[in-house]
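Could you have a look at this structure, given as structure tokens, before my questions?
Chains: A, B, C and D, in written order; residue numbering restarts at 1 for each.
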Amino acid sequence: MSDRIAIIGIGATQFRSISPDLSYKELMFEAAVKAYEDAGINPRKDVDVFVTCAEDYIEGTSIFDEYTPDQLGAALRPMHTISQEGLTGLASVYLQLRTGEFGIGVVEAHSKASNMLTPDGIAACALDPIYNRPLNINHHAIAGLEMHRFMYETGITEDQCAKVVIKNRKNALENPFAAYGASLTLKDVNQSECVACPCCELHIAQPADGAVVIVLATEAKAKALSKKPIWIKGIGWINCTPTLESRDWAKATYCEKAAEMAYKMAGIKQPRKEIDFAEVDDTFSYKELQHLAAMKLGCGCEMGKWIDNGVTELNGEFPVNPSGGSLGLGHLYDASGLARVYMAVKQLRREAGKLQVRKANTALVQAWRSLPTTSGAVAILSN
Amino acid sequence: MLTSKDLMGTGLSSQDFKQKKVLVEKWKANAKYGWDQGIAIGRYLRELKNGKIIGVKCHKCNRTMVPPRIFCEWCFKPIDEWVYLKDTGIVNTFSLCYVAWNMERLKEPLIPAVIEIDGASPGMGIMHLISEVDPKKVARGMKVKAVWKPENERTGAITDIKHWKPVK
Amino acid sequence: MGKRVAVVGAGMTKFVRRAQETGKELSWEAAKAALDSCGMTLDQIDCVVLGTAPDTFDGVHMKGEYLSDGAGAWGKPYMRSYVGGGTGVFAPIHGWYHLASGHFDTCLVVCEEKMSSYQPHPQGAFLTIFDHTTERPLYPNLLWIFALEMNRYMTTYGIKKEDIARVAVKNKKNALDHPAAQIPEQYTIEDILNSEVLAWPVQRLDVSPVSDGAVALVMANENVARRVTNKPVWVEGVGWALDTAYWTNRDLCYPRYVEVAARMAYKMAGITDPAHEIHVAEPYDPFDYKELHHMEGLMLCGRGEAPIITAEGKTQRDGELPICPSGGLLGVGNPIAAAGLMKVAEIFWQLRCEAGKRQIARKAKRGLAQAWGDLMQVGTVIVLGV
Amino acid sequence: MAFKTRITKPAEAKAWYGELPVESLYTMGIAGEKFFRTLKDKGKIIGAHCEKCDYVYVPPKMYCERCFEKLDKMVNIGLTGTLTSFTFVYVDVDGNPLPKPEFVGLINLDGACTNLMHRLGECEMADLCIDMRVEAVLKPAKQRTGSINDIKYFKPSKKK
């Protein structure tokens, strides 16, 4: 068994609303080349295990696993797919390295969201085929229902949710990777077209294409290869129920439990004090607040005050999504978690440029698999 | 020990469905895609439209590959060169297939094959169909040639080659 | 190899052509049976891993999420791994690394497939495993690639169809003793050779059926394993490899990805002479030639030699190297991911001498299960021992 | 180095079009068959009670997802409940704009621990509030097919 695991290389393409010049293989290749150069390794010789995170319906290919090895340098090597969020994929490589059998592992996730011509029709297929799907209701209804109940129970207002959008898209203006940087007003957000009330268009992260590759190593390998290893101090991943009927509708229980798991591993008792900044899921504006509350950074209503008082701004006391989050970067489907890892590592290495937060020693990264799931992961990274 | 009495699992016959003994729900997925062809396959299809088969070469391992890709998967580096290949090849392996993709029975067999393309490195094949031949006479090692669609019917697709036929 | 990990319980549903149960319910039936088999309850399980093949079969996007409650994942760390047909043997490897990492004490491993949901015929789902741009426009079916590979294998080594048909006869007969089997039957070689030609050289009886079903294992670290059972079956080695997607650039006569995976597992298990150190094996047999092909990839015999030792009867239950004593996919059925895990469960039962009528004649201390998947591309291997 | 050359002409950046042709036939399952038969034949909604967890699932499950015990004790649930949340959806299932929004609610049926997602009907936007009482409106017996759509929608209960 190897005790500590570090991130020694990161690579990502830019995130864009479309990427018509590259196939998904080429997109993955670009991110992989960058990650391997960052880590200073040759995947054909140095990497022991590979993981990619993908879903068939999103790719439009059954057994998409088939098409993953070549562009990552993984042909004829131990490689497998995890049909899960990228951050859970990171956990899977973490576990493999912890067995002590392997020295270096790679996790990849990507999004070719623009290649889905019928994203809502595809998302509908994720609903229970006998109890939910026959109602023929757009899956965003779930976000509307949840947002409404969350606001009802916490007293959070639509304006406070809108402020999350404004903050994240503003941060994204300074992020060269981001597809959706913008300077928005409350009016812009609140008057955008309604999708599933109270969730209107600008409360929803818009899709983006992109790929992210992260290289992990055991302590011995990391120390030999990297000047700035970023340590995985804690990681947790949890599923709650997939049935809409028995899930929680105000609380993000999956996130709460995943955070408990990660905090326990990292020895974190007072997250607010021990963590410097967070990159958390904000595929819907309210989700950022809901997830922060679930991770015990404060109660729900407190998160409303945070956003009002600028606590989570780039220069605030506890920056949240300094990268721009999914609202600013673009929603990368199962690559979202790894994009957040990428951005957090940049911060922890103090390479975040204009987005650099003042104190960046311990980062909280969290991911959710989006509608209709109750599945998510949390990681604590530290320099 | 596994015994039949503890085993769960309720088998139904097709009759159970026909006679509506069980309730069912149906769904047809609305799952449509426009996959970006990208650099390598984009060029491959454009060349097919021109009636040509193009491959790529890696100078490090000296392989000429088809279908083209932008990277060499063994050396993990960008490919070095585009190479036009011939529209002839040899049958690496084949089948005589009497069922369509959806399991409908076919009267005349389709003859799918892996065809090693002349000009590419040995063993570099593509999957395609063989026709204009007595199925009994198809054999491994048989020399075949592409039968192209007329130029004005070509769209930039693998089906711009209608099929492959034997050359003597 | 990390912490020692054992299989301590196994359970499965019947394999049937069309199940009334939903996929979730099948998962629960298998998972519950596995827990019951070792007297454990869900609250004693620390994490859950799931294996299931294409979502298009069940007709549910993000099938891993959908099945999670049936697999016992409520409120637990849960992952779904996916390597096509290789998934069923990968799932316990996935469970292995959860436990060998030292992060968890117990893991529930569940594999499910409900192929019957796909209309009009589950085979249609395989169209979309081919490259969307360069292959799908030719409307390929899954039989094509098997037929192409089988033909290449036969012509490379000069193997006759009757040599291959012996596998179908053996496995379908073995399955007569499997209580969960879908299509056990006593056939002759002539029956196989006279069955309907689907995609020459593949005929109807060369092929395993489409099925619905689920299988589950309970895995545990050494401390827990010794507490819950006096017959733990240890994971001695695991291996997996994914070959290039450019399958038409490879020689299909030999499954090198299986060899790479096997070498990894053998190294971990300290095996240098697999043909003698492996006492019973369940190589993947969705088609009869595949069993032979995989025996060679696993180095249980030389290249092109698998048909010979099969003809000699060595691979029968009373032979020197029993192969697929369960009846395999050809006899028990092929709910893709679940079928692979059924093989691991069979080795578990064989090594514990709990296989009943299927118990092999020789004493076995070490066995192996292997699955294959994707475009003739994935090898997954697990070596178990007592 | 990632790419030596890239596409530089827009006309060369093309997509290949296709689909996942998936037509599915779903059985209702062991628990679902009971639920939908009862709904169709008797016009009643049933749930499954886990005695160990004291939790009532509506619709019923064959097993308790929390403790994994088999659930074969079905309980009758009324057609009335409380609105846990609601939303107005402006797009159809495929994302196309709807001429008028669809009202969707989460209904905690009396006696259930769970929330059922369904349509809301016979109401205006202003009529709705969280925690209000609602009741199921079923299709006439002859039109029921054994589907979640045998419940037409839920409507606000008349104030007594």
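Everything below uses one rule, namely that contacts are C-beta pairs under 8 Å (C-beta built on N, C-alpha and C of every residue); 3 or more make two chains touch, one makes a residue touch a chain.
Bear in mind that the values here come from a model prediction, so they are computed numbers and not experimental data.
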Joint neighbours of chain C and chain A, given as chain labels: B, D
Chain pair showing more contacts of the two, A-D and B-D: A-D
Chain centre separation (chain B, chain C; CA means) in Å: 26
Rounded Å distance between chain B and chain D, as computed from the means of their C-alpha atoms: 41
Computed distance of Cα centres, chain B from chain A, in Å: 36
Residues within chain B bordering two or more other chains: 10, 12, 17, 22, 25-27, 29-39, 41-42, 45, 69-70, 73
Shared-contact residues (touching 2 or more other chains) in chain D: 1-3, 6-7, 13-30, 32-33, 36, 61, 65, 94, 147
Per-residue multi-chain contacts in chain C, two or more chains: 18-22, 56, 59, 69, 74-75, 119-120, 124-128, 132-133, 244, 246
Graph class of chain-chain contacts, one of line, ring, star, complete, other: complete
Interfacial residue positions of chain A with respect to chain B in the complex: 19-26, 29, 36, 42-44, 57, 60, 69-71, 73, 75, 112, 114-118, 121-122, 124-125, 129-130, 133-134
Residues on chain D engaged by chain A in the complex (per definition of touch): 1-3, 6-7, 13-15, 17-20, 22, 24, 26, 28-29, 32, 36, 57-59, 61, 65, 84-95, 101-102, 104-106, 113-119, 130, 147-149
Interface residues, chain D side, partner chain B - complex: 1-7, 12-28, 30, 32-33, 36-37, 40, 94, 145-147
Complex interface listing, chain C residues touching chain B: 12-21, 26, 29, 33, 59, 119-121, 123-124, 126-127, 132-135, 137-141, 143-144, 147-149, 151-152, 155, 178-180, 197-202, 212-213, 244, 246, 248-252, 349, 354-356
Interface residues, chain B side, partner chain D - complex: 10, 12, 17, 22-39, 41-43, 45-46, 70, 77-80, 156
